[in-house]
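Several structures are given next for inspection.
Both of the next two complexes hold chain A, though its partner changes from chain B to chain C.
This part shows the complex of A and B:
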């Protein structure tokens, strides 16, 4: 599809895209993790851009980080040391896992990119005090932006941001749903490029282009046939488009995911009629959680089973970047949920590079044959 | 129906021909640089050995890491599925198969029909594989075929604590220079392989009876060390190394 070309280009060369935005006078804030309150950054007229690390000079990170830090953290550190992130006007670190927090400390001491914020979100999301605290944290972040960039973020700015983000998230959800219904309408690696580019592109431009992709996919609906097995990818961040292609070569398709680079990024609408800061905070209490947050002992397992049933998933592949302790601690518990429900599952770990293709295909083909 | 299985592994290539539930013949050769050539050669040699014409074979399934290099095969399937089918064919009671090959090790659970229910695979490093043993045999100047019997003579196995093949080799060299008995070093190497494989296999639960397959099953030292860890005897038969090829031939007969 011609309309997907730009998404691929942006997904492959995010820093080139950033440099072009910068040339047009935009101020860019880099961020880690789907818990970043992007809407406030957008409301300030700044450009929020998710950092994934380019994996290009990852060895540079060894100067500051131990080998048990995940490849996302190492790669991002390496990029900033190599000067690849010089286009940033600042960086935002939400409090999620230990590694991101420590990266934040090392980043603040060793880089000089202007704005810097730790957004210290609550960990337990099931108390009323957490909600109050969350609103206060978001307000503080808003104040920090206003002070550093000498600007004022009005309720009107926030409301426009909420409308824009609801639009983008709604589009991404609809595209995912179309793909889940008929995986042949868009390939897994195309879908990957769309979601990844959505965290990089100018959001106003993105909203228009996503709507165009959705429109085009709707026309295509029902033209393809796909009798392959239906898989779900569950884990932290999937930065390896080849996984989707290899799974498709093995006779299956990833029809849904629970990834922070997938549905966890865009699930959860914001109520446009509630006071904006409260509305923003509310989304964090309703969206599916990552294992660095807590809602109830069974929330993640029940959510996973719900998704498996809703999207008629035949098998689940747990995918995670190695050394991710929140996800590793949750894995046995989630696996038990699936085992008890009779849902076949397998685990795959990767770092900045995937395991060799031959062995990966052996595992995928065997898994698909088991279903 | 007469069917063939060709298993192209990282170190050796195996072929098996099966007819109506009987194994007619098997053959092993080195894979070398050209996996496709190895597959063709081992198959031709087996046919010649048995005095069969290629046209007498009804169906062929290829397996192993080189499975897609066999252009005359009717289908390719992964070695995990084929090892499950092969073990089930040789003994339908088997529930766990531990396959240690040249470049990886696997543990799989099969059901009463020989279908794979769960599996784990070590694809991260060479420790706990046949290649690990080859490296150690070279460092110790011992023929790999003698590794098993030598290790059984050890009363106090040496401790090899490195989990990386290259560092473990350094450790072995330190033990040699300290004057440690060769038998004890080899027994220590086998314990190390067994620990790695056991740690991985635990993830599938290891229901009994357990069969060990793959080239490393020919090493009695590893088998005994693994039996001690698992706490159960391992069934090892003469077909261990060609089990994947047999499984491929068996599955070829079942193809619709």
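This part shows the complex of A and C:
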């Protein structure tokens, strides 16, 4: 699909895209986590851009971070040290895991990109006091943006941002659903590029282009070629488009995911009629939870089984970056939930590089053959 | 020979035996709680324990048990069991050992007593949240999470409001779990004892400022168990008062913890529990005494935030602003202060694969210490209770090299 070319380009060269945006006079704030209140950044007229780390010159991070930090944290630090993030006007760190929490300190002490904010969100997402605390934290963040950039973020700005983000997230959800219904309408690596680029592109431009992709997909008749096994990918960040291609070569397709670079990023609508800060907080309380946050001891397992049933999933691939504590703690129980429900599953752990292609393909083929 | 034994005896702490008795009684009471109609709560080491004491609930600390497992060299085996259960070998070894213990009643005292409730305070790490979720599923008991917002650069008003409200929620949780009202009058007394215990513990640690030091960090790791487990009780106050008295006697008699103390070092991070003696002997063989550490100080480091006349409301802030729940630069400041206070010649950092919030940032602290304090630093990498992760020959060589640098630095070579 020609309309997907730009998504691929952006996904492959996010820093080039950012530099061009910067040349056009945009101010860019980098962020790491799906709990970043992007809507407030957008409402300020700034450009929010998710950082994944380029995985180049990763050894540079050795000066600040131990080898047992995850490759996202190490790669991001390496990038900022190498000067690859010079296009940023600042960085935002929402509170998530222990590693990002310390990266925030190390970043603050060793870089000078202009704006810097820790958005210390609650870890509990199931009490009224946590909700009120979150609203106050979001308001503080808004104030910090206003002060640093000498601007005013009005309720009107916030409401427009909420409408825009609902539109974008709605489109992504619809595209995911179309793909889940008939995986042959768009390949896994194309879909990957669309979601990833959605965290990088100018959001107004994105909204138009996503709507166009959705429209095109709706017109398209699937080839029905990919009628193989239906898989779900569960983990932290999947930053490897090759995974989708290899899975498809093994005779299966990823029809849904629980990834922070996937559904956890875009699921959950924001109520446009509620007071904006409350509405933003409410979304965080209802969207699928990251394991670094707490809703209940069983929340993620129940969510996973629900998604498996809803999307008629044949098997689950756990994919996670090595040294991710929150996900590693959840894996045994999620696996147990799936085992009890009779859903085959496998675990794949990676650092900045995937295992050799041949080896990975064999693992996927063996797994798919079992289904 | 007899004389050497006599010297060694003098250096030993008479209080050590007493502490073992107290800990033994504590675990006996905890393990027979059910027979005595008492409830047991598992709680994180830096958690707000005082309300449990007020409610007569016996607090049990999986982390203290983790330390015991490590010291008994049972960590490697239990961690391996956890790995067989699906837990990655990169995870915290306290958590792995504890999770593996539960189903098999493993570890030195045959497992911890079954909890009636779980209290998890995330002021030490995000790991405890996941660990307590695991145990909440396993034991199927209520879990209270005391969420202490991380203080990168300060403590915000909204964080203050949030933690104070949680204190009320915590009390309501305990009232529900115990089926009776919280006794606010008693909480005043428990608060007073807690603060008194913390003050005495700080005084015990302060004794290391004396040259030569009557106490090593290894002794502190041992004596720490009481301020962790029985904070808020008279037992702790009495015991540390006695220990302090013994410390003063040693100072007066000129008895040093390390026979020929020539070099004084500061330890950072949790201990390597299964190598306490080896490390202690190794450093002593270089006439070096690890006089202090950042870890044991953490149980009295946030006293400044406690209002003696209003313990209950101020404790929420104090628990939020503990050593690990602050930014790397704040932690570095504490390290600088300790370097000056204890007049140390070098810093030994344990890069602890089990504890990311303690370890990530150490490289920056190391640089700051070298720049501002001009003292040598070294790193030892391991998992605190998983002895499989400790490379003895490599670490031994590094300690020798580090001590050479210290000696040169002091102009002794």
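One rule holds in what follows: the second predicted complex is superposed on the first by the 366 of 371 C-alpha atoms of A that agree within 3 Å, B and C clash if a C-alpha of one lies under 4 Å from a C-alpha of the other, contacts with A are read in each partner's own complex, and residues count from 1 in each chain.
Just so we're on the same page, a residue touches a chain if its C-beta (ideal position, glycine included) is under 8 Å from a C-beta of that chain, and two chains touch if they have at least 3 such contacts.
Since this is a predicted model, take the numbers as computed values, not measurements.
Asker: Based on the shared chain A superposition, would you classify chain B and chain C as clashing or fitting together?
Answerer: fit
Asker: Considering only touches as defined above, state whether A:66 meets chain B (first), chain C (second), both or neither.
Answerer: It touches chain C, and chain B stays clear.
Asker: Now for A:166: first (chain B), second (chain C), both, or neither, which partner does it touch?
Answerer: After superposing on A, A:166 lies clear of both chain B and chain C.
Asker: Just to be sure I read the superposition right, which of the two partners does A:366 touch: chain B = first, chain C = second, or both, or neither?
Answerer: After superposing on A, A:366 lies in contact with chain B but is clear of chain C.
Asker: Give one of first, second, both or neither to describe whether A:124 is in contact with chain B, with chain C, with both, or with none.
Answerer: Only chain C is touched by A:124; chain B is not.
Asker: Could you say whether A:356 touches chain B, chain C, both of them, or neither, answering first, second, both or neither?
Answerer: Only chain B; A:356 stays clear of chain C.
Asker: Identify which of chain B and chain C touches the larger number of residues of chain A.
Answerer: The larger set of chain A residues in touch belongs to C.
Asker: Should A:111 be classified as contacting the first partner (chain B), the second (chain C), both, or neither?
Answerer: A:111: touches no partner chain.
Asker: Taking the superposition as given, does A:323 touch the first partner, chain B, the second, chain C, both, or neither?
Answerer: A:323 contacts chain C only, not chain B.
Asker: I want to verify one number: the closest Cα approach of chain B to chain C after the superposition, in Å.
Answerer: 5
Asker: Per the definitions at the top, what is the overlap between the chain A residues touching chain B and those touching chain C?
Answerer: Shared contact residues on chain A (touching chain B in one complex, chain C in the other): none at all.
Asker: Using the touch definition from the top, list the residues of chain C that touch chain A in their complex.
Answerer: Against chain A, the touching part of chain C is residues 85-88, 90-92, 95, 122, 125-127, 129-131, 133-134, 136-137, 143, 145, 147, 149-150, 152-153, 156, 158-159, 161-162, 165-166, 169, 327-329, 351, 353, 356-357, 359-364, 381.
Asker: Tell me, which parts of chain B touch chain A in their complex?
Answerer: 65, 77-81, 104, 115-119, 121, 123-124
Asker: Could you pull out which chain A residues touch chain B in their complex?
Answerer: Chain A reaches chain B through residues 344, 346, 355-356, 358-363, 365-367, 369-370.
Asker: Note which residues of chain A are touching chain C in the complex, please.
Answerer: Touch residues, chain A against chain C: 63-66, 68-69, 95, 97-99, 101-106, 108-110, 118, 120, 122-124, 127, 129-130, 132-133, 136-137, 140, 291-292, 294, 297-298, 322-323, 325-326, 328-333, 335, 349.
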